[in-house]
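What follows is a structure written as structure tokens; I'll ask about it next.
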Amino acid sequence: MISFTCDYNEGAHPLILKRLLETNLQQEPGYGHDAFTASARTRIREACACPSAEVFLLTGGTQTNSTVIATMLRDYQGAVAAETGHIAVHEAGAVEYTGHKVLTLPSHDGKMRADDLRAYLAHYYADGSYDHMVFPGLVYISFPTEYGTLYSLSELQALRAVCDEYKLPLFVDGARLGYGLMSPACDVTLQDLAALCDVFTIGGTKVGALCGEAVVFPHGAPDHFFTMVKQHGALLAKGRLLGIQFDVLFTDGLYFKIAQGAIDLAMQLKDLFVSKGYELFMDSHTNQQFVLLTPEAMQRLEGKVAYEVWDTLPDGRAVTRFATSWATTPEQVDALAHIL
Amino acid sequence: MISFTCDYNEGAHPLILKRLLETNLQQEPGYGHDAFTASARTRIREACACPSAEVFLLTGGTQTNSTVIATMLRDYQGAVAAETGHIAVHEAGAVEYTGHKVLTLPSHDGKMRADDLRAYLAHYYADGSYDHMVFPGLVYISFPTEYGTLYSLSELQALRAVCDEYKLPLFVDGARLGYGLMSPACDVTLQDLAALCDVFTIGGTKVGALCGEAVVFPHGAPDHFFTMVKQHGALLAKGRLLGIQFDVLFTDGLYFKIAQGAIDLAMQLKDLFVSKGYELFMDSHTNQQFVLLTPEAMQRLEGKVAYEVWDTLPDGRAVTRFATSWATTPEQVDALAHIL
Amino acid sequence: MISFTCDYNEGAHPLILKRLLETNLQQEPGYGHDAFTASARTRIREACACPSAEVFLLTGGTQTNSTVIATMLRDYQGAVAAETGHIAVHEAGAVEYTGHKVLTLPSHDGKMRADDLRAYLAHYYADGSYDHMVFPGLVYISFPTEYGTLYSLSELQALRAVCDEYKLPLFVDGARLGYGLMSPACDVTLQDLAALCDVFTIGGTKVGALCGEAVVFPHGAPDHFFTMVKQHGALLAKGRLLGIQFDVLFTDGLYFKIAQGAIDLAMQLKDLFVSKGYELFMDSHTNQQFVLLTPEAMQRLEGKVAYEVWDTLPDGRAVTRFATSWATTPEQVDALAHIL
Amino acid sequence: MISFTCDYNEGAHPLILKRLLETNLQQEPGYGHDAFTASARTRIREACACPSAEVFLLTGGTQTNSTVIATMLRDYQGAVAAETGHIAVHEAGAVEYTGHKVLTLPSHDGKMRADDLRAYLAHYYADGSYDHMVFPGLVYISFPTEYGTLYSLSELQALRAVCDEYKLPLFVDGARLGYGLMSPACDVTLQDLAALCDVFTIGGTKVGALCGEAVVFPHGAPDHFFTMVKQHGALLAKGRLLGIQFDVLFTDGLYFKIAQGAIDLAMQLKDLFVSKGYELFMDSHTNQQFVLLTPEAMQRLEGKVAYEVWDTLPDGRAVTRFATSWATTPEQVDALAHIL
């Protein structure tokens, strides 16, 4: 059985494992004070063209989102997100658990529109009783979104402009950042993100690492962020595990190369489905492809190919997701072609 | 420079890395639903002689403590701990961050006494205004303690008896459990713990893993513990990373063997200090040795041997900690001997 | 200037003040252990025809909602509410501050539909990843709603049926309960509520008291609710203040009488607006009347009559709220008639 | 039966009730925007000789403490208090419920010593792993303390000096402030407090009000304190109830006069016990007197006089508390004299 269910079905990129082996007995201090983490930070700053950025390495996505959001907000503030945003739906209420509301705006294929954001903020501050409500405290978007869609550079700039107008920090959740940046449809660079965001993450878990999300604060982190990371249970004793992985991923552009490979195969996958007459649920340009499958098609794949079912349409077809990753091989796509 | 500063200076036991490599491309579901985690759970249940135990694998110690405590307690309850307990001092207020007070009792070389616990509980319930105070909701102890000391089986039984009397769950934080169980001074087994506790942890990070704490609930976990683990940001997407490590650690008794090796070297270390005329701060039987060093002695080690300084006595001597681990070698202890 | 801005513009019903004076020097224990509170509890139980109900007296509405919701839910659960629900909008995130998400459903003139609730719950549990989301833990509705609308008995029974199906407690926020029960459009009684709810509140602040909300748990309160009330800062030292007020309000049906008076005047107010050719924003049968006012009409009222502006329609008319209360007099309605 | 159990056994000072009656039908906006609250604020600022102070009126003591502390602290900070401090013991964990640890120092008859505070802070910042611990974020003391003792002006200045040294705000809980300021042993004025504190409270509940604590921020309140008060469930819809009470209490020095009366009677009470040969548990100069009673003495008072029992000494005598209040009469003290 071949699995396209998600982009975290396998372990880590071989170069990461190789480096873990090579460095295994090198004695290093804990909690991110090791030489590997220092090196990873430098490489990430360089890749972002942002030498003064503060960089922290955390373990998982929900952990990172709730830690960043809780530490960026004051008690009276919430995070503004699209109603399909990961923090609004699939994080078991981790943000609310820290005491903060997620304020939702309409989703347009997973994206938040600058106009919707501006209208919401204008309406909020025009309300005579706004100080009885939760203050918008930061804007959260995902890049790519949960639907595999991408913000264009001008869309990001438009959101940034609204944020500037209302003095709101902009947080980009890049759990699948590599797959976004390497998409043929993407006109945004890592440097653009560093220039436009107050904080963003570079997802490792889904792009070749065993675990790990890099949090980048281009203009500086909240005071005592280290202690709050610990308070959130997000501080790894052997920080080297994260340091080594990001150090390898940001050496010789590995992060981008392996994302590129996954994107190439995702585009092949899309072409394959289209050429075989399948309808796409939406036209995705990243590593997640959404395909409508009839019950017959699903039966054909049964026991041979795994994928995720998101929903069922009234006509009986399933909305399915096929994800490629750094570990997907051309052979796996070929095998799928034969089965279809 | 040789470092004895702590037991998380190196990577992972070679057998763990070997297994990570071997299984790297095996496709497995995420979030702990993988075959490795299933196998690790079975092995841990067997080692505990507790076939019905529920076992969860989390990433770090503070994370595990705050998640377990928050999910075991009702809002009106707090956790009772020795005032030196890790949760009371060195976790950046992670337990309080979840809304619960840590209620402290006197520490006797890091241990809580059953008599103190009973007296506290009796006094609490005798107080006419006890319902204006935080209810004791569980008892937290560390094994070994933060001072490297151990509860005897009868001490644990005595604590259990008080817990039974007051219907309080007993939680044993085993961040260094292996080093406790393998100590020559220990008369407690893993099976004893499973029989005496409502929940305990088996620390991986400090006993050969890159990361990971196994949480064992002999009598069942809180409802929807999985979801609350996610809510605490403690659910790893690639749960296989934890599954593989604990599967290896509990194959052929590796966990106990590597702990034994560290204990043997710690005993050599202790003998070494004593034979050279150094005074021990306390007589520890685990992998952490506490030695009093004069400024002259410290100067002799300067630049050659690293260790942790805990405090300074009025006579100018430092209370220092030398820790061995699964990675410590006889050669390192020999090198220290030559320098002393 | 006459104010119809809200139903808490004045002090308390004269009988309450009279009783405060009469009992002022009677020495009573604090924290709700006084004789007045005991009597109020008995009277409320009787009015509810629910002799085993547990009754607590708290001070304010947001306080009551967040305390009740936090103590009814487990950490992994949220409260389901209409998107216009008070807890979802106008409580400054008080529920989220306790760690719980408010899960919103569509509002139909302020009401939640049983069908929407059932569809949401069915969809939730059908989702393969539902344990990565917030569990619905209770259903919150307001009676009357924030829009002055009322659930019919059959609508409440339908919601109860869904709650039963999914084992969810039903919480009715009765901040303006009296005005709902006394509405000519209401076919629900206090006894019905006690039979249908797991917990509901009887609002005092807006129905003649200086402050105070009675929380009624027909089938028993959460364990140690008293202590959690204290933990939420909601326990009044001089509980007598609340006890006396509810004791008076539930003596000789005062609560219902004064609500009836306000409803009668609200119906006059509605008739007045309609007869003068004003359009209603919606047809409300409770003490809050929503009227569309042109800028000219607003100018006519300027400086003479106060009311609340909720929104502005594209045609320039304002959605306004005129509220009557126990303290509204026929003379005030007459005065308004002359100005219109 | 006469009760000396506490200072909140009765209702409110007659002048407060009178004013509630007089103003009852005056229409005023809610949430503290009423004219009475505005007037009370002005009077309190004048009494404090601090025209720029921000003043908020909340309902109860625990509520006020947890709201003030949570809004003054950042997530990584805790409140430093004497181990006998009200927030550390008798508030059901309300501070921890907001996510913050209470860091305790030794109590000296209920007081925190500046030297202890300085030593703690120096030790904290000297600890190499201090950023794994909870940062001290403010200093909380009670005036008078829970034991009825008072800080002298020089003691307060010494605490302030340490606070300045470490840039920590100083919070004085004045739940019984009047009884402290009017004590013959007190050399501190309200103006001194305003000059020395970053925030302090003026307790109304125990000094003549039905409920209410005034929170005074001499140098300004945290941003959006109003919204956070609402979030904590501490915002009263009919803020007039608090406004009227504090307006009356700070008209013609009523607050101080009624405190003086209680103090005079407390001193008589103390003299009475001493003259009858009873031993004091401690020499209190405020409205709470702590007396050691033998079982025989207690039997004599049985059914005639109520008081609070705090503890029992090994010799069988009870540590008891007799409190006077604004409502205590000379006749009540005389009656006690006859029974003794």
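By written order: A, B, C and D. Residues from 1 in each chain.
In this text, contacts are C-beta pairs under 8 Å (C-beta built on N, C-alpha and C of every residue); 3 or more make two chains touch, one makes a residue touch a chain.
The structure displayed is predicted, hence computed values, not measured ones.
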Item to check | Farthest chain (mean CA position) relative to chain C | outcome: B
Checklist entry - Which of these pairs, A-C, B-D or B-C, matches A-D in more than half of the residue pairs in contact? => result B-C
Checklist entry - Considering C-D alongside B-C, which chain pair is linked by more C-beta pairs in contact? => result C-D
Checklist outcome for this item: Per the C-alpha means, the centres of chain A and chain C lie apart by a whole-Å value of 42
Checklist entry - CA centre of chain C versus CA centre of chain D: separation in Å? => result 33
Next on the checklist: On a C-alpha centroid basis, what's the spacing between chain B and chain C, in Å?
Outcome noted: 50
Item to check | Residue numbers of chain A (touch at least two other chains) | outcome: 75-76, 91-93, 97, 99, 131-132, 227-228, 230-231
Item to check | Touching residues on chain A, where the partner in the complex is chain C | outcome: 75-76, 78, 89-93, 96-102, 128-129, 131-134, 308-309
Checklist entry - Tell me, which parts of chain C touch chain B in their complex? => result 31, 70-71, 74-76, 99, 131-132, 135, 223-224, 226-228, 230-231
Checklist entry - For chain B, which residues are in contact with chain A within the complex? => result 1-3, 5-6, 8-12, 14, 17, 20-21, 23-30, 59-64, 66-67, 91-94, 97, 205-206, 210-211, 227-228, 230-238, 240-241, 327
